[in-house]
Structure formats: structure tokens, C-alpha cells
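What follows is a set of structures to go through.
Below are two complexes that have subunit A in common, paired first with subunit B and then with subunit C.
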Partner chain A sequence: MTALFRLLSRTKLYWGLLLICLIGAVTSPQTSAGHNIFLSYGNLTDVLRQVSITGLVATGMTMVILLGGIDLSVGSVMGFSTVICAMLLTKPGWTTASAMGVPAAMLVGGAAVALAARFVFAGLARGRDVSAGPRREIALSRWRSTAIPGLLGLIAAIAIAWWTLNQVPTKFGVLGVLLMAPCLALVLGGINGLLIVTGRLQPFIATLAMMVSALGIARLTAGSDNAVVPVYTGTNATEAFELLRSMLWGVLPVPSVFFLAAIILFGAMLRFTTFGRYAYAIGGNVEAAKLSGIKVAQVQLSAYLLSGLLAGIAGVLFVAQYRQGKPDAGAGLELDAIAAVVIGGTSLMGGRGGLAGTFVGVLIFGLLSDILQLQNIDSNVQLVMKGLIIVCTVLVQEQNLGQLVARWQFRRSGAAHVDPKTADAHRLPSAAKAQFAREDLDEAS
Partner chain B sequence: MKRREFLKLSTTAAGAAITVYLPAGWTPARAAGKSKVGFSQCTTLEPWRVQFNKDIQAEAKNHPDIELIITDGQDKTEKQVADCDNLIVQQVNVLLISPKESAGLTGVVEKAIDAKIPVIVLDRNVDTKRITQFIGGDNVAIGKAAGEHAVKLLGGAGKAAGNVVEIWGGMGTQPAHDRHDGFHAFTDKEPGIKYLLNNQSGDWKQDKAYDIMTTALRNNEKIDMVYGHNDPMAYGAYLAAKDAGRDKDIKFIIGIDGLPDEGVTWVSKGQLTATFLYATPGAEGLRQAAKLLKGEKLEPVITLPTMLITKENAPEILKKNGLL
Partner chain C sequence: MSFELRRGEILGIGGLLGSGRTEILESIFGVSRGWRCGSIAIDGAAVAINSPADASRLGVALVSEDRKERGLHLTASICDNVALPSISALSRFGLRSFAGERALATEMVKRLSVRCSGIGQNVATLSGGNQQKVVIGKWLGTAPRILLLDEPTRGIDIGAKQEIYRLIFDLAVQGLGIIVVTSEMPELLLLSDRILVMCEGRQTGLLAREQATQETVMRLAAPGMAAWSQDAAS
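For the complex of A and B:
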């Protein structure tokens, strides 16, 4: 019985999702043919498509929050990315967007290839050296550690330069945009990371500064005459861009494919790789992680890089869906993303949670908004309902609700027998407390 | 000559040259006896504001005797107050202001009036009677024009019938309420018109309207008309219908604002049925300032008229703005 209860308690987030689906299905209006609108395939894929942008951003946010940080800049970075994307698609020649995008793509591409090459060499060396334990530092010759990766990176940078420079005089295609906008966003994320890691700024402050300045950069990029950069596919942008909002094989909307891929990829990374283990360790206790030899700076930097990258991809998808790029496209997005992460059970203190929770959190938010919309509920009431949902899910998530109820029950039943003056009357029974503590441990592991 | 001496000499020469030429070269306004008009814009983030600035700059070219100074309040009340203070210090001859909000800017407007600078308020008013003139559009009147046109499109007075989706602007903004009230003043008289949505706000944004319309399309099999409180939202609704393959089923899409590169373009392409001009007071504001500088008396209030823009007159407007 207790085992069952514990299982229910551990999977309660999924039950919450199921409950919301159930509420949606029951309250859903019907079509004239008697079909349930909420459960229709079209509606569910609509929801998946609508949450994809927030979802991508929330994925990056989860990793940052797991490390005990926060990234407030994602909304502005996404807005910047939409502007870059829209300009690359619609304006040929050297615009501010292409002038910034080409070097950024070269830099990021070259660095990525160089790092990958070095990673492979280190792996090979580890394979050859049987005596090398999992933790031992691998000594590479200078040739293998710097020269060859550097050369490969240079080649990659030149290849990217050749490929992108060819596209500058005409407008950029889908692949070009998908490379350049996220690369620029990644650079902004990198600046965040460097400020936090080497400048030792509080993540809140550093990313707040980036939130403000990225908005400014986006506006400067677009130019003062363009509060909005429109993208009319087919007339001023490439036809192929429609691909990014179509249904993949008629089954899944393309934006949601990006979202699902990100969740699976980074979820696996957090769960199965050393990087993931390090992330949890750092989030749990930075000092302990540092003392046990984890390269905290590297892990933190990569989390902010990835957060920027995902915000950049979200920006491209925004342009594909809504046919416009604008500096304030992501206004308030960071808060939506944080809300989804928190609903998903990731602790803002870091070290606890995961991407499965974030996925469910994003879906709960999306489904709720869909249900309210199908019920045709006043926009203002919708805002109130969303706030309520955040509070309720987090109360349930963080076990506080269980404690509240337990305390209340105890007070009602116990107050009669126990002397009210003793302080114990206001505390939990020790057995109950112990059980909650155990569950906390369960979830953390 | 030694290098150091040469440097010293050349710096002195350059400095002397600048001192001689600066006063003459940098203040052409004073030299030519121009009068200064300061314009404090509250933000340039919305396309409508950008058009506003373009209009006033274009009009300024017709008045060679006026030097126009434009400031951008960056959507912040404090910044706009500081801008106005700055313009007062510069002793402009007329102050044009399009306030971000009424309460926060009334003080600085009164300060300008105390400094004997006449103030013309554009688009949104301030809480004082001492201003020289107010110029703005009338959102209720525009809403009424849209409502009247909607009734006509849906079958005429007394016979109009159809399902209408109304997408609100920001719920907390007066223009949205005015545009709603004006529209309903006409359409509420028609028993055949059914409203499908209940206060759904797209917050003036194309992307939010797109999402609202996506769900509305799932929820309702028959939508006859979309009324967006501005053009981008109407266009967002059109895009959602297009992506769902139902843009041909929705007979009429009506927006408001009529910016050349937005609403008018979409109307001329047949994506929106009609839009109603919400003219920027930019050009009129500068014309009135010029009149004032010539010593003429100004009327206390000028209400800018609206205009119905349909496929017939859209190309003409585009041509006038150099977009066709």
C-alpha cells in the first residue's frame, strides 16, 4: 500500500498531465459531426506546435537552472534571432545581419569542429591506454591536442565562409538561416557564460544585463525604421522556408520535431553522460563539485551556450510560424520558460529535476491554454488561471501540499489530546516527516 | 622640423581652424533665422510610431524655415520627461509631444507652458486645459465606421447575419475598448450576427492573434468575418486560416490602422478585405506648428478623419507612398 502510494506520489506530475487531458476531453466542445474537438489529432498537434518555441527555450533553461543559475536573456536573444533570421531571408547583400552572421557562423563552426576533433583524439588515446581509469587526465601530444584540431577547425571555418559568402548576394536559404541565427545567439549565450564564469557575476545580473542589451542590439540590427521585419514567403523570402512550419510526413509539425529532438538529445545527455552527472553535482553543491575535481567553469559555460543556441533556434521557428521578425518577439518568454521548468519539478536552487519534468511542464501549460481557449474564456481570466496552475502544481510538486494537509489533519486530530502549549503541536509527527524526507531523497536520485 | 614640434603646430592649427568654423558651421538654424520645433515621440518600437516619425519628417521638408528636433522616449515615461526638459532648455519655439501616458507627462507639459513655449499634444492627451492644441484620431468613430462596414458586408442593416471573430488589442488599453465599443454600436443591433469569442486579447500582436485564430478555427466550423483591432492581428488571423487551409471560407477580414507597408499592402493583395485608416498626426502636427509660428490662432482640438481602404483605393495609396 505504501509502495503504491509512493509510486503514485513519484509520478504525480504525469498524473497531473493525464488529469488535464481528462478535463480537456470531458469539457471539450463537439463538432457538428459529434467528434471531440480537444482530442482531435489536429488540435493536439496544434498544441504541440504552439508549445515548441517556449519548449525549446525551457529546455535550455532547465540545464541552466539545474546548475543553480538562471538565464533571463533568452527572450531578448530569441527576439534578436528572429530579426537576424527575417533580415537574412528577405534582404540580399551585406546587411547588418549578414555582416554579423558570417563571422559568427565561422567562429562557432570552427570552434565546434576543433573541440570535436580534440574530444575524439582524447577518446582514442584513452582507448589505447588500458591503464587509464575513467577519471585520469589524458596527456596528448601537442600535435594531437592543438595542431590537428586547430587545422580542422580552420578548414571548417573556411568551408562555412565559402558557403555563406556565396549566399550573401542573394537571399539566404533555410539551411543558411538555421546555421547563422542560432550561431549568433550562441555567441550571446557565450558572453553570458563568460561573464558568469570568468567575471564571477551573479547569473541573475549577467543575464539581466544581456536581456537589456540584446534587445538593444536587435533594435539596432533591424534599424530604426523597422519595428517589424515582415517575411512574406514566396514574394520576399524563399519558398523553401515554408518547410519549417509544415507537417513532417503529415504526422508531426516541424517545430515540434525540433522541440522533441532537443528534449530527447539533452535529456539523454543529462542522464547518461558525465556532463549530465557533473551538472547535477554542481547544482547540488558547487564547492563540493569543485573540490572533487569537476571542471565547473566548463560545464557552466556550456549550459549558457546551449541556452543561447536553443533560444536562437526558437527564433527561427518563430519567424517560420508567424512570418515576421521583431526585437520584442520574445518579451516575457523567459518567465514562461521558467514557469514551465518549475512546474516540471526542477528546483530553482539547482541540482534537482530533469528534462522529462520540463517536457510535461511545457505540455501542461500548453494544454491548459488550449482548454481555456476552446472554452472561450476571457483573456484576463486566463491569466489568473495560469497563475493558479503554477502555484498549485508547484505546491503539489514540492510536497508542500502534503505537509500542509498533514499539519492541518494533525492539528485537528492531535490538538484535542496534546497540550496546545507544547511546541510539538505545530510540528509534523516525526514519522510523517521522515517519510517526506525519504521521498525527497528518492526524487533527487 | 622635429616630430614633436610638428605635432604641436598641427594641433594648434587644427584647433584654431575648428574654433573659427564651429560657431558658423554647427548652428545653421540660428544663422538662417530658423525657428526650432521640438517633437517628443514616446517610442519608435511600433510600426505605427515609425510611420508617425516618417510623416512628420516628410512634412518638415515642406517647411525650410523650421528646424525639427525629434527625440525618442524609448517607451519610458521618465525618458520622455527628460527629453521634454531637454527641449525646454534648448528653447524650442513650439513643443510637439505624443505622450506615452497622460498622468506622467502632464507636469512637464505645464512646465513648458510656464516657460512660454506653446504645446501641441498629439494622439494621446494630457490632463491640462492649458495646451494650445490637441490633434488625434477618434477610435470610437473608427470602430463605428468598421461596424457599419461590417454590417453592410454581412447583408445590410436589419438582414445582416454571420459568425464574427473579434480579436481584441491589449485589454488594458483605451484604444482597444474604443474600437470594440464603436464596432458594437452598429453590429449589436443585428440579431443575425453571432460573436464567437469572448474578450480574447491578441495584445496588438500578429503572433498572439495567430494562436487565438488557430484554436478558434478548430472550435468553429463556420467563421464569416474576422475583426482585428489592428491590421497585424487581422493579418495573423488570415495566416492562421491560410495555414489551416480555410482562408477561402472566411469571407471578410477587417483591420484598423492602414499603414502603407502593412494594412494597405495586405488589402491590395486581397488578404484583408478592408482596413480603416488611423492616421498619424505627424504631418498635421507640423503644419499646425508652422501656422502657429506665423502668428495664426489654432483651434483647440483637431480630430483626424478615418478612411475606408479597400482593394479599389489601396493601389493608389501604395503609389503615393512609393511602394508600388
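For the complex of A and C:
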């Protein structure tokens, strides 16, 4: 019985998702043929398509929040990425976008290839077996640690330069924008990371600054304040860009393929790689992680880089979806992403949670607004409902509900025979105590 | 200050609170807080330790004073905590070896006789002594040559204390160089082969085992209060 209850309480997030689906199915209007609209394939894939952009951003946000940080800049970075993407698609020749994008793509591509090469060499040099004796030295020779990776990186950078420069006089194709816009966003994420890691700024402050300045950069790039760069595939942009809003093999919408791939890829990364374990360790106790020899700065920097990268990809998908690039495309997106992450059970203190939760959190939001839309309910009601959902799920999440119950029980049992004069001395158990008591009970049962 | 640590030796560092004992250990381990200078040589070769990662690569391990704040990832399991500094050595191409981590944790739990329901237990639910053993096990897993222990028996019960003393002696016999910082005089006298005494950030004496008594140590640790310490000793 307790085991069953525990299983239920551990998977309650999924039950919530199921509940929302049930509500949707029951309340959904029917088509004239008697089919349930909510459960129809088209509707469900539409939900997936709509949540993909927030979902991608929330994926990056989860990594950052797991480390105990926060990234407020993702919305603006995404807006910047939409502007870059739209300009590259529609304007031939050297524009601000291509002038920034080509060097950024060279830099990022070269660095990525160099790091990958070095990573492979380090992996080859290392044995799996530590029982072989004391910790083996894994110092790579200079040739392998710098020369070959550097050379490969240079080659990659030149290749990217050649490839992109060829596209500058004409307009960029799908692959071109998919490379350049995320690379620029990655650079912005990298600036965030560097400010936090080397400048020792609070993540909140550093990313707040980036949020403001990225919006400015996006507006400057677009040329005027409320500039919208429209993208009409077939007339002013390549027809192939339509691919990013089509259905993959007629089954899955392409944006959701990106979203699902990101969830699976980074979920696996958190679970199966040292990076993932380091992320949890740093979020759980940064001092202990540092003293354990973890390169905290590297891990933190990569989280912000990834967050920027995913915001950049989300920007490209936004352009595909809404056929325009505008600087304030991502206004408020960072808060949606944070809300989805929190609903998914990731603690803002870091060290707890994961991407499965974020996936569910994003879906809960998407399904909710879909249900309300099917009922023709005012969109402002949706906002109120969103707020309610956030509060409810976070209340239901173990620790908080446990505290409430403990407090209530204490009051019921103890209130009667506590002298009001000494009541202050034995006040309610502190939140932490209640939590510990509960966990002990859990262990005992 | 200047001292050397021999293979298989236990060097105790005594002194009053705030005399800079923890800072010495942290400087050796590369946890820089403020300016550091000086040099470290291991096996006669000068080494540069600028970060805990450097230190652990060179086989130096630090069990810090405050296990909850600086030693443990409290929301994780014993297995995760023990394996943390070794994860990278156990992994290949960045992929964790779960079997290797579990084997390491099982071995350490057995070797240090940590009382727990299994290596999956959350470390926050362990007793202080067992938590301390987990922190020590975490570092023994990296096969260190030099072990720095900062107040290894702070806030743990007498049984666990005895086990930790025995462990320290065993490790010294196996040839590790061990530095122990402790505020407890009997512990200092019991464990140390030599005792380095500090006062206000300076080394005031290096006593061999035979010379070391409560009184001589106190005299060096608090020169101004020599009279007081004599009273206390008698």
C-alpha cells in the first residue's frame, strides 16, 4: 500500500498531465461527424508544434537552473536570433546580420571542432580501469592536446567561411540560417557565461543585463525600433525554408522534432555523462563540487552556452512558424520557460529535477491553452489559469505539501494543550525540520 | 612556515582556533582565498597546485572541516557522493561508468564500515560519523598519496571516532602521508608522529612525538598565555 502510494506520489507529475488530457477529452467539442476534436491527431500535433519554441528554450533553462543559476536573457536572445534569421533569409549581400554571422559561425564552428577533437584524444588516452593503481596521469602530449585539434578547428573555420561567404551575395538557405543564427545566439550565451564565471556576477544580474542589451542589439540589427522583417517563402526567401514548418514524413511537425531531439539528447546527457553528474553536484553543493576537483567554471559556462544555443534554434523555428523576425519576438518567453521548468519539479535552488519534468511542464501549459482555446475562452483567462497552475503544482510538489500537512497536524494535535504563554518557545517545527521528519518517515516505511 | 611530510607519517597541526591551520591545508589543496605564495614539492619535484583538480590529479586529497557545507552533496546518494571525485577517471568519452561507480562505492562502504541500508541511501539521512566516513571514502576512492584531514572527528560519536583513528593509522601504515588538523589535544597527541604548532598564522614549533605533551604544545600555541596553560595542565 505504502509502496503504491509512493509510486503514485513519485509519478504525480505524469498523473497531472493525464488529468489535463482527460479534462480536455471530456470537455472537448465534437465535430459534426462525432469525432473528438481534442483527441484528434491534428490537434495534438498542433499542441506539440506550439510548445516547441518555449520547450526548446525551457530545455536550456533547465540546465542552467539545475546548476543553481538562471538565464533571463533567453527571450531577447531568441528575438535577436529571429531578426538575424529573417535578415539572412531575405536580404542578399553584406548586411549587419551576415557581417556578424559569418565571423560568429567561423569562431563557434572552429572552436567546436577543436574541442571535439581534443575530447576524442582525451577519451582515447584514458583507460576505463582505475583499479590499475593510482590515478593515472592523463596529460596529453602537446601535439594531441593543442596542435591537431587547433589545426582541425582552423580547417573547419575555413570551410565554414568558404561555405557561408559563397551564400552572402545570394540569400542564405535553410542550413545557412540554422548554422548562423544559433551560432550568434551561442556567442551571446557565452558572454553571459563568461560574465558569471570570470566576472563573478550574480546570474540574475548578468543575464538581466544581457536581456536588455540583446533586445537593443536586435533592434539595431533590424534597423529601426519596431522593425519587423517579414519572410515570404517563395517570393523573398527560399522555398526550402517552408521545410521547418512542415510535417516530417507527414507524421511529426518539424519544430517538435527539434524539441523532442533536444529533450532526449540533453536528458541523456544529464543522465549518462559526467557533465550531467557534475551539473547536479554543482547545483546541490557548489563548494563541495569545487573541492571535489570539478571544474565548476567549465560546466557553468557550457550550461549558459547551451541555453543561448537552444534559444537561437528556437528563434529560427519562430521565423519558420510566424514568417517574420522581430526583436521582441521572445518578450516574456524567459518567464514562460522558467514557469515550465518549475512546474516540471526542478528546484530553483539547483541540484534537483530534470528534463523529463520540464517536458511534462511544457506540455501541461500547451494542453491547457489548447483546451481553453477549444472552449473559446478569453485569452486573458488563460493567463490567470497559468498562474493558478504554477501555484498549484508547486504546492503539490512533495516538500511544500509535506510541510503544510505537518504544520496542520501539529496545530491540531498540539494546539489544545500548549500554554499560550510558552507557545512561542515551542513553535511550529521549522520547514526544514518538518522536511527532515518527513524524509525519515519515508525511509522508515 | 616550512615543513615536510614523509611517507607513512602522520603530521599533526595544533594551535588555537583561527591560528591558520585550515588555511594551510586549503592552500596546499589549491583552494585559493586571497593571495598565496610559497612552493610545494612532491617526491622532490616542485609542483604547481592552483585548483583542487590539480591537487587531486597529483594525489592530494582534502577532507574539509565542514562536511555538510563543503564535503557532501546532501541530496544525493552515498554512491554518487563517493564516486564524485573519481567520476572523470572512471568515465570514458565523458560517459559515466555506473558499474564502476557502484563498485567503488560498495568497496568504500565496506572498507570504512559505513552503516547504511545500501549505497543508494541518501547521505542526509546518515549519522555524522557515517557522513564523515563517506567524505573520507570519497577521497580514498581517488587513491591519494597525501591525505589532508581537517578536524576529522568533529561532531561524531565515540565509536565512529575510534574507527576513524584506526583508519588513519591503517592508511599511514599503507604509506600515505597524512596531515591532521585538530583542536582536540588528546587526539592530536594520540595520532601525530610529529606535531607542528601554529600561532597567529605562523609556525611556532615542530615537536617530535617524545617532546610533545599537552603543556609544550599549549606553550607554543599560546605563548602569551603560558602561565594559564600551566595552570590548566596541572
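Heads up, the rule we're going with is that the second predicted complex is superposed on the first by the 387 of 445 C-alpha atoms of A that agree within 3 Å, B and C clash if a C-alpha of one lies under 4 Å from a C-alpha of the other, contacts with A are read in each partner's own complex, and residues count from 1 in each chain.
FYI, a contact is a pair of C-beta atoms (placed from the backbone, for glycine too) under 8 Å apart; a residue touches a chain by one contact, two chains touch by 3 or more.
Treat the numbers as computed from the prediction; the structure is a model and nothing was measured.
**Student:** In the superposed arrangement, does A:395 touch subunit B (first), subunit C (second), both or neither?
**Tutor:** The answer is neither, since A:395 touches no partner chain.
**Student:** On the A-aligned overlay, A:322 touches which partner chain: subunit B = first, subunit C = second, or both, or neither?
**Tutor:** Touch status of A:322: first partner only.
**Student:** Quick one: is A:161 in contact with subunit B, with subunit C, with both, or with neither? Answer first, second, both or neither.
**Tutor:** Neither partner.
**Student:** Considering only touches as defined above, state whether A:209 meets subunit B (first), subunit C (second), both or neither.
**Tutor:** neither
**Student:** Answer with first, second, both or neither: which of subunit B and subunit C does A:348 touch in the superposed model?
**Tutor:** Neither: A:348 stays clear of subunit B and subunit C.
**Student:** Looking at A:29 after the superposition, I want to know if it touches subunit B, subunit C, both of them or none. Which is it: first, second, both, neither?
**Tutor:** First partner only.
**Student:** Report for A:252: first if it touches subunit B alone, second if subunit C alone, otherwise both or neither.
**Tutor:** Neither partner.
**Student:** For subunit A, which residues lie in the overlap of the subunit B contacts and the subunit C contacts?
**Tutor:** The overlap between the subunit B and subunit C interfaces on subunit A is empty, containing no residue.
**Student:** Inside the complex, what are the residues of subunit A that reach subunit B?
**Tutor:** Residues in contact with subunit B: 29, 31-32, 37, 40, 42-43, 46, 50, 219, 224-228, 230, 245, 318, 321-324, 327-329, 370, 373-374, 376-380.
**Student:** Can you name the residues of subunit A that touch subunit C in the complex?
**Tutor:** 119-120, 123, 126-128, 130, 133-137, 272-278, 280-281, 284-285, 287-295, 351-352, 436, 439-440, 443
**Student:** Of all residues in subunit C, which touch subunit A in the complex?
**Tutor:** Of all residues in subunit C, those touching subunit A are 29, 31, 51-53, 55-57, 59, 62, 64, 69-76, 80, 84-97, 100, 104, 117, 121-122, 124-125, 138, 142-143, 145.
**Student:** Taking the touch rule as given, give the residues of subunit B at its contact with subunit A in the complex, in rising order.
**Tutor:** 44-47, 49-50, 54, 168, 171, 196-201, 206-207, 210-212, 214-216, 218-219, 221, 232, 236, 239, 243, 261-262
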